[in-house]
Every structure is written in C-alpha cells, then in structure tokens.
Amino acid sequence: MTTQLDNMYRDLILDHYEHPRNCHELNHTDRTEEGFNPLCGDHVNIQFEQDGRTITDISVCTKGCAICTASGSIMSDILKGLSVDETKSMVENVKAFLTGDRDIDPADLPSSLQALSGVRKFPIRIKCALLPWTTAELALNKK
Amino acid sequence: MLEGVQNDFPVLKNHPGLAYLDSAASTQKPSVVLDAMDHFYRFNYANIHRGVYSLSEQATASYEAARMRIARFIHAKSPENLVFTRNTTESINLVAATIGESMVREGDEIVVTIMEHHANFVPWQQLALKKGATLKVVGIDRETLELDMAELASAITDKTRFVCCTMASNVLGATPNVAEVTRLARKFGALTVFDAAQFVPHHPLDITSFEPDFLALSGHKMLGADGFGVLYGKSEHLASMPPFMTGGDMIENVTIEKTTYSQPPQKFEAGTPFIAGAISLHSAIDYLENIGLDRIQEHETELARLADEKLRAMGKVRLYRNANRIHNGILPFNVEGVHPHDVATILGDMDICVRAGHHCAQPLIHFMDEIAMIRASFYLYNTEEDVERLVAGIQKTLEVFHK
Amino acid sequence: MLEGVQNDFPVLKNHPGLAYLDSAASTQKPSVVLDAMDHFYRFNYANIHRGVYSLSEQATASYEAARMRIARFIHAKSPENLVFTRNTTESINLVAATIGESMVREGDEIVVTIMEHHANFVPWQQLALKKGATLKVVGIDRETLELDMAELASAITDKTRFVCCTMASNVLGATPNVAEVTRLARKFGALTVFDAAQFVPHHPLDITSFEPDFLALSGHKMLGADGFGVLYGKSEHLASMPPFMTGGDMIENVTIEKTTYSQPPQKFEAGTPFIAGAISLHSAIDYLENIGLDRIQEHETELARLADEKLRAMGKVRLYRNANRIHNGILPFNVEGVHPHDVATILGDMDICVRAGHHCAQPLIHFMDEIAMIRASFYLYNTEEDVERLVAGIQKTLEVFHK
Amino acid sequence: MTTQLDNMYRDLILDHYEHPRNCHELNHTDRTEEGFNPLCGDHVNIQFEQDGRTITDISVCTKGCAICTASGSIMSDILKGLSVDETKSMVENVKAFLTGDRDIDPADLPSSLQALSGVRKFPIRIKCALLPWTTAELALNKK
C-alpha cells in the first residue's frame, strides 16, 4: 500500500467515519438539501437551523464511504456558529483546496480539514469528499 | 486451468503485478484482436457499401464477414438478423424506440426482472411511463438469488407486450432459464428481449434452442473493441419495424417528399459504422472459440470458487451468492464495516482492479438492501496469483480499518 | 504543397500506386493516430467513469482529455457542450429525436437546404411528417452552385423551429455563409443545426463567430477512427433536452418507479462508449493542427484545381462547380455518355479510388437533373501524381467506351 | 487495365448500352414493375404483355449504368416468346450464373448472356446485372 493511501485513511478520517458527528434532529429546520454521488451511491442529508444569517445548528447524515462520511462529519463541526456568508466562502475555499483549482494555504483552513488533504491524490475520490460541501452550498443558495 | 493465455494480452504483459478483476465491466484485448484492427487500418481501410474500388470492397467484405461470423456464433438463421450498434445499451434502446414505441399502448404491461442492468430496465421503464403502461418487476428468490420463476409466470398476462430479461446478471452472475422465460412469454404472445451482454463472453449460445425475439450483446465484454455491439432480431420484426435513426446508408430512395428504406439490417445502420469494431469482434470470437468457451468457463469458475472460499474463511467478508453455483466468474461481496468504495480504493492502490458501486443495477442492489457492492470478476486471463492478490488486498483493508 | 505527409499514412505506403481520392467519404489514418489507439489498448485499457483503479482512471482521463481537446478545436465554451456519438448521423438524429421531438408541433416549419447530406435531411423530413409540420427545402443558385441566400431568407418565418444547414456540401464543396444563416434563423427564434462533417477536416472552426445551437461532426472524415462522432450543443439546450437513449452511465438514480439523469454530456452517453475513438480524434486533431489546416486547404485546393483544369481540357468531362471556387478539395464531374458507375469501376480497376453515385444527397443530385455523379476528393496526403492517375483513368474510360 | 475489366466491357455489352433494345410502348400491359439499385441510382421499368401464360411482348426501359442497361436489353431479347414458367426458371438460372450460387453450365444459357459473365469478377457490380432479372421476377410473381 502506498503512503498516499495511508495519508487518505488517517485515523482522524476513520474516527469520523466510525463515529460521525452531528447527525441529529434539529429544533427547527430552516434549510435542507440532499446530495447523491452516483459513483459510490453516497447519500447525504443536510439540515440547517438558523438565527437570522447565522447557522445555529446543523445536522449532517451520511450513508456513504469513509471519505464522504468523514468529510460531512468534519464539515458539521466546522460550520456550526458561522454566518451564512462565512459558510459560503468556507465552502468555496474547501472546494478549491480539495480540487487544487486555486492555491489555498492549508494554514487558512480549520486544521481538521487537513486530514482530508490525502484525497487530492485520488482524483476519483475527490467527489466523495466534496459531496457534503456542495450539498451545503446548494442548501444555502436556496431561496 | 488455462495456461499461458496471459501472454496473449499486452495489457497484462505491460503491467506485471496487475490483478485485473473487472472483466465484467470490460475485458482486455488479446493481441490478435488488436492486430486485426490495426491491419485493417494499415492495409484495407475505406468506407463501406458504396465504393467500387478494391479497398472499399475489401472493407465491405470484412464488415459483412463479421456479420456472418457473429451469426454463426449465436446460431442465427441469417446474418441479416444482426444489426450492428454501439453496444448492448443501444441495441435495447433501438428495440424500445421502434417496435416498443409502436406496440405498447396505454394499459399494456411490460415485464422486466429486478436483476436487469439499467440498460434493460430504464428504456422499458421510460417507455411504460410514456405510454401509460405498467412496468412489472419480477423479483429474485432471496435464498437462491435466482430469478423467481413462479413470480414471472404470474406476472405475464395477455396484456404483456414485452418480457425483458437478462441472460446473466452482471451482479450475481445468475443465469435465468431463458427457454422457460420464452415459453411463458410466448403463451401470451409477448415478445422477448434478452440481454446477453454477460452471457456470451462465457457460454456457447444457440438461439435456436429458445428463439428469442430480440437479443443484445456488446463486443467489449468479450475481447472485442469498445464501441461495437449487436442486436439480433427475428426477421419478421426487423422487416416491419420502423427505422431507429435515419440518414445515409439506410435509405433506398430519398425525394423531397418522402424516403423509402433499405432492407434490414441496413435499415437500422444509419451513417458510417465502426467497421474496425466489427472486425475486432470477428477476431475475438475466433480467439474465444479456439480456446473453447467451456474451458474458459471452467477456468474462471475454478478461480472464483477459490476466491470465494478464501474470502469466506476471513470471517469479515459477506459474499452474495448461491452457495451451489458460481456463474460467469462473478463474485459480489462486501467487507463488514467498510464501504465498498473504500475497499476498491485500497485494492486499486495495490493494483487490484475490482468494481464497487451499484453496477448499473440499482433496483437489484436496493432489493438486496445494500447501497453498493464490490464485484470481482474473473476471466480467461486471470490466475491463482490474482486470487492471492485479492485476498491480500482484503486483508490489508481490514488492517487499515482496524477490523 | 505539402511534402512527405504520405509517409505518415500506412495505407499509402502499403499500396504503392494507389490514388486514394475518396477522402470525403472517409479519410485514411496516420500512424500517430493508429499508434495512439493501439497504445491505449496495450497499456491503459479499461472501462471508464466508475472504476477506482488506476487503469480506469487513466482511461477516463484520456476520454475526457479528448473532450477538452475537441472543445478547444472548435472553440466551444466548455467540454460539457460536447456529446460523443457514433457519427454525424447519430448526432443529428439525437437532436431531432429529443429537442426536435419536443419542440416541433403541427403547422410548424423546418427549413433545410437542397444541399444536405441525407443525414441532415431525412431526420428532419421524417420529423416533419410525423408532426404534421412543413419541410421547406431551400435551393441553390444554378449558376454559382451556392446556397440561395435570398430563398433562405424568405423561407424562414416565425413558424420556423429549426434551420438545418450543411457547412460544406459533400457533393459540391460549397460552404454557405453560416453567420448569415444563423442571423436569419435567430431573427425568428429558430434553432440552427449545422452539419460540419465536411467542413472541419479542412477549415479552422471558431463557433463563437456564429454561435450555432447544434453542430455535428464525424471523426473518420478527419483522420480519426470510424465509429466516433461529436455533437456540439448549447448548454441551455443540453440541460433541458430529454435523453436520447437510456441505460448505464447516464443515470443519477434509478428506482423501480422512476429515473433521474446525470448532467450533460453524460446524460446523452448511455452505455460503454468508444473510448479509443475519442483518443483517436484527439490525436488526429493534434496532427492536423500541427500541419495546419490552412496549409492543408491550400494543398488540396491546388490539386483539385489542377485536376479540374486537366479534366476540362479533355472536352468530354462535365465538371459541376462554380468556376471561381473549389472547396474542400472536392471535384464532382461526369464523363459524357458514360454512366458514373462505369467510370468508377474502370478507375477502381486502375487503383484510382473515387466515389460514384448520389453521395447520400439524392435531393441535390435530382435538383441538378442528374442520376449520379463521380466525386474525386483530395486531401493532405494526395499528390500531383494522383492527379495524373485520375486523368489517365478518365482517358482510359473514354477509350473503353469508344468516345 | 486488367483483362477482367476488358472482359466486362465487351463490345456486345457496350452495343446494348448504347442501343438498348425493346424500350417501347406495348399494346396492352399485363404486368409492370420498377426496380431500383440505390448503389448507382439504376432504375429499370419492365412491362409485360401476355397471352395467357405466354409473354407476347416486353418493354424494358433502363436509366442506369452500362452493365444494368445491357443486362436489361439482353434480357428483353431473351424473354420474348417464353412462357411465364420458362421465364421464371430462366431468371433463376441467370441469377445462379451471375452470383455463382449454383454451378450453371453456360452452354445451357442463351449465348448473349455469356457477354455478362465478366461481371462475376466484380462482385459489387453483380447487382447491376441482376436488377432487370429480379425486377422481372417480381413482376411475374405479382398476383
């Protein structure tokens, strides 16, 4: 097995996969969106509870691979408490970070995200890591 | 066991250590097939059917010789029963869009099985939706993982227009009793559409033994080039069906007001076809029959059985198969607590090529209460070493996931 | 004139003395293109899109790289505007069967030109017949043998849904002013469908200069493999169009009740595609642009002009072309008192490959009061010797027929 | 040019091509049929005048290549005066002779037909030679 692979399946990822955070009932749901990845059959359901423009709670429930599940779980920790606008720019940055479309200094991102960096060496799996983020984006762009 | 065929496959020679266990998705090509295509392009290439010079006559002759060879391979009455398409998917869409479109009315029924590949499922589902017909989906026995023949028998009624059935499931390998399927369909005057994509690479096929109305296959799953498929149709259907696509090479006469069409199979082959694809399948069939499909079957079944045994012994692997039968060298499984896609990534990293996902058979995967599965598929060029590699890969997966 | 390109084409090296003057039907392939395909099969072959192992990832990357390359070649906004098909014929049928089917109503009009190849004529004629719409056929000027733009302008009305026009006639070589065609169509909200099959092998194409709604081409007419074609479509159309064929690789989710589809272009690429075909066209475009389409045009035009001059000088040859322009190296003619098919047979016997017949353009041939024509078509690999051979062949024909 | 080609374009063929026989109006037309060969755009129109089961007159008008035109012209000379049944078996024999499907002793055929034998070396042109014969067959099989 290559070190690249080791890098992708780090303990933090596996921990988030085995124990995904924040899949729970919200007091009230302001936005919700479902995402599919036909490639592996990943499915993610995201719900936001807002107070004005601030995200007060989030639920992320994933049925999917380790990468997608961990990515969703990590995301759920990160987004809580951010404003909608902060969330949007965070999603932008994470997308750029994972796809390499734009140079992002990892230091500018929450450290937990760095655990996902290994996926960049597996182009076909990037979609798995992206799915929760793009689904969150869709939810936030809804009128 | 087959010895030495690996040497016939350049990809395997060029990737020592590769365990290619994804032949059910598409097979590698032996050098005779590649050489046949390359020779065509280097010595005989020209467009077919309308050239009166020797290159074009040779190209036409090669194209039609392929039709004869494939007809002989499946025991079709005449080469004219064979329409050349891109793949199984197009073959089935052609049937649904022509005779399907003209025969199915509101209130009619179309019977498919839960085991179908999307290629033999979605076209019928969409036709039924469009026409206000009912799509009846026949299940499998959860114990044996074989088509539920009793359910099929009661699903077919005098409202049934088409019975669409795979000859070999690309997930389970199961091979329904097509003679019985045909008998049931015929009792009610329904037409049969068989998906032979996963069957013909592994079994001799004699269609005179069950007389399907239509049957589809893909060259790329049986050592031929990608982009070339075949539709077999009974003459009376092909003669009465409207064309699928229109344009060059399929017309008899075009005036501003109207167009008359050529006879089948030309009627269904609009535009310049993939001539080298036909040549590749001709050569692939020669190669396969030369080795012998029976010997291939024996070889791949032995390897799949061995893998099955070893994976079972690991305790953490769930195999989805009837314990008594392994078909078409196909082995579907899952590793406990690990998503199949992660398994496949770890295997892929070790140069073990398997497929993970829904295998274009979502209704079946769903019926079996899974989201995805891993599929290892063995073919003539696989070896016991490939089995060892697969087992080592699963071992590694379990280690990574601390299982 | 281009020197030495003949050496790049194995067929020509393997048939010394051959005068291949049928490139408008299909071109020969340079060894770089054949090597690219062969290398793919020997080193990187696998099915695309769903494999997570390296072979499949490489195959997918090559397939998508071809899409990017072709997009760049025609200046499409995005690779996602390109759908891969079997050929121009399928590309056009796809449009007619999806957006054509959903947009055209009884009483509507479809405008085509008399110069269309059957591929861009019959699908529209049949759609019009099916829908009770009117097919309006715009003629050519009998003097200049160019599209009659005044007639086109008056044919397009607010009932016109589609304007379907070749970018280069495969019989006459004429190249309509597509910017003007588009302008006229757009004025009335009609969509344009351009057949670029004979145009792209010879001219740089920048679609941003006229913004077609749809445009079709075939790889095999521009040094790529047979069996591979392209449909360009504007994003908004591709997004809203229903799929053409259904099955694997084009779905998002399939349940027993319903199916949702992938985004374009995948939505239109059901089943295993001709991956090596995409690779071949990628390589062919590199080769063509490396030589330069301008230089190719100059070369073939010079040869066609020379042939034109010599044939005219024989007195018994009637050439169908605007005296001022030769396009795409195409030379249509007839020999007085000899049926074109007999001419082609005599030439063929002398290894001079020309095409005789209606060239899949019966409406045009009829409009010109002919039954058939001979077409010699020149391309980058032809030489002055080929011209000499053609002239000698016609000389011989006249002798055989005592003319 | 090969001798095979010379063989196909014999003077007899060229003569029939330049001066096709029996394209004329009939007193009355009992059967008629049109044939097309999409390959070269050949078109043949055949009319029979019958007295009971005997063909009393025939008109064959061809717009086509030398081979098709000559074949039709030669046929028109041969069929006149034959019975319908004789015609059918003649057509059978000519088809077998041209395609080589069955061994036919050329001596069993009218000698003018032997001029057409050259076409057998040009498989793609056999259709041209066959067209008048298959069209005649269609006409005779009509109810």
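To keep things simple, chains are lettered A, B, C and D as they appear, and every chain counts its residues starting from 1.
FYI, a contact is a pair of C-beta atoms (placed from the backbone, for glycine too) under 8 Å apart; a residue touches a chain by one contact, two chains touch by 3 or more.
Quantities reported herein were computed from a predicted structural model and do not represent experimental measurements.
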item	value
Intersection of the contact lists for subunit C and subunit D	B
Least hop count linking subunit B to subunit D through chains in contact	1
Selected pair, greater C-beta contact count between A-B and A-C	A-B
Option in A-B, B-D or A-C whose residue-number contact pairs overlap C-D by over half	A-B
Reference subunit B; chain at largest CA-centroid distance	D
For subunit A paired with subunit C, centre-to-centre distance based on mean C-alpha positions, whole Å	46
Distance between chain centroids, defined by C-alpha means - subunit B, subunit C (Å)	31
Centroid spacing, where centroids are CA-atom means, of subunit A and subunit B in whole angstrom	38
Between subunit D and subunit A, distance of the C-alpha-averaged centres to the nearest whole Å	78
Sequence positions of subunit D contacting 2 or more other chains	38-39, 122, 125
Two or more partner chains touched - positions in subunit C	50, 52, 251, 253, 341, 345, 356-357
Of all residues in subunit B, those that touch subunit D in their complex	50, 52, 57, 60, 251-253, 262
Contact set on subunit A toward subunit B in their complex	1-2, 4-5, 8-9, 14, 38-43, 63-67, 69, 122, 125, 128
Subunit C contact footprint on subunit B (complex, rising order)	10-11, 14-15, 18, 20, 22, 25-26, 28-29, 34, 37-38, 41-47, 50-56, 86-90, 92-93, 97, 117-123, 125-126, 129, 135, 137, 218, 220, 225-229, 245-249, 251, 253-256, 258-259, 270-277, 341, 344-345, 347-348, 351-357, 360, 362-363, 366
Contact set on subunit A toward subunit C in their complex	36, 38-39, 122-125
Residues of subunit C touching subunit D in the complex	338-342, 345-346, 349-350, 356-358, 365, 371-372, 396, 400-402
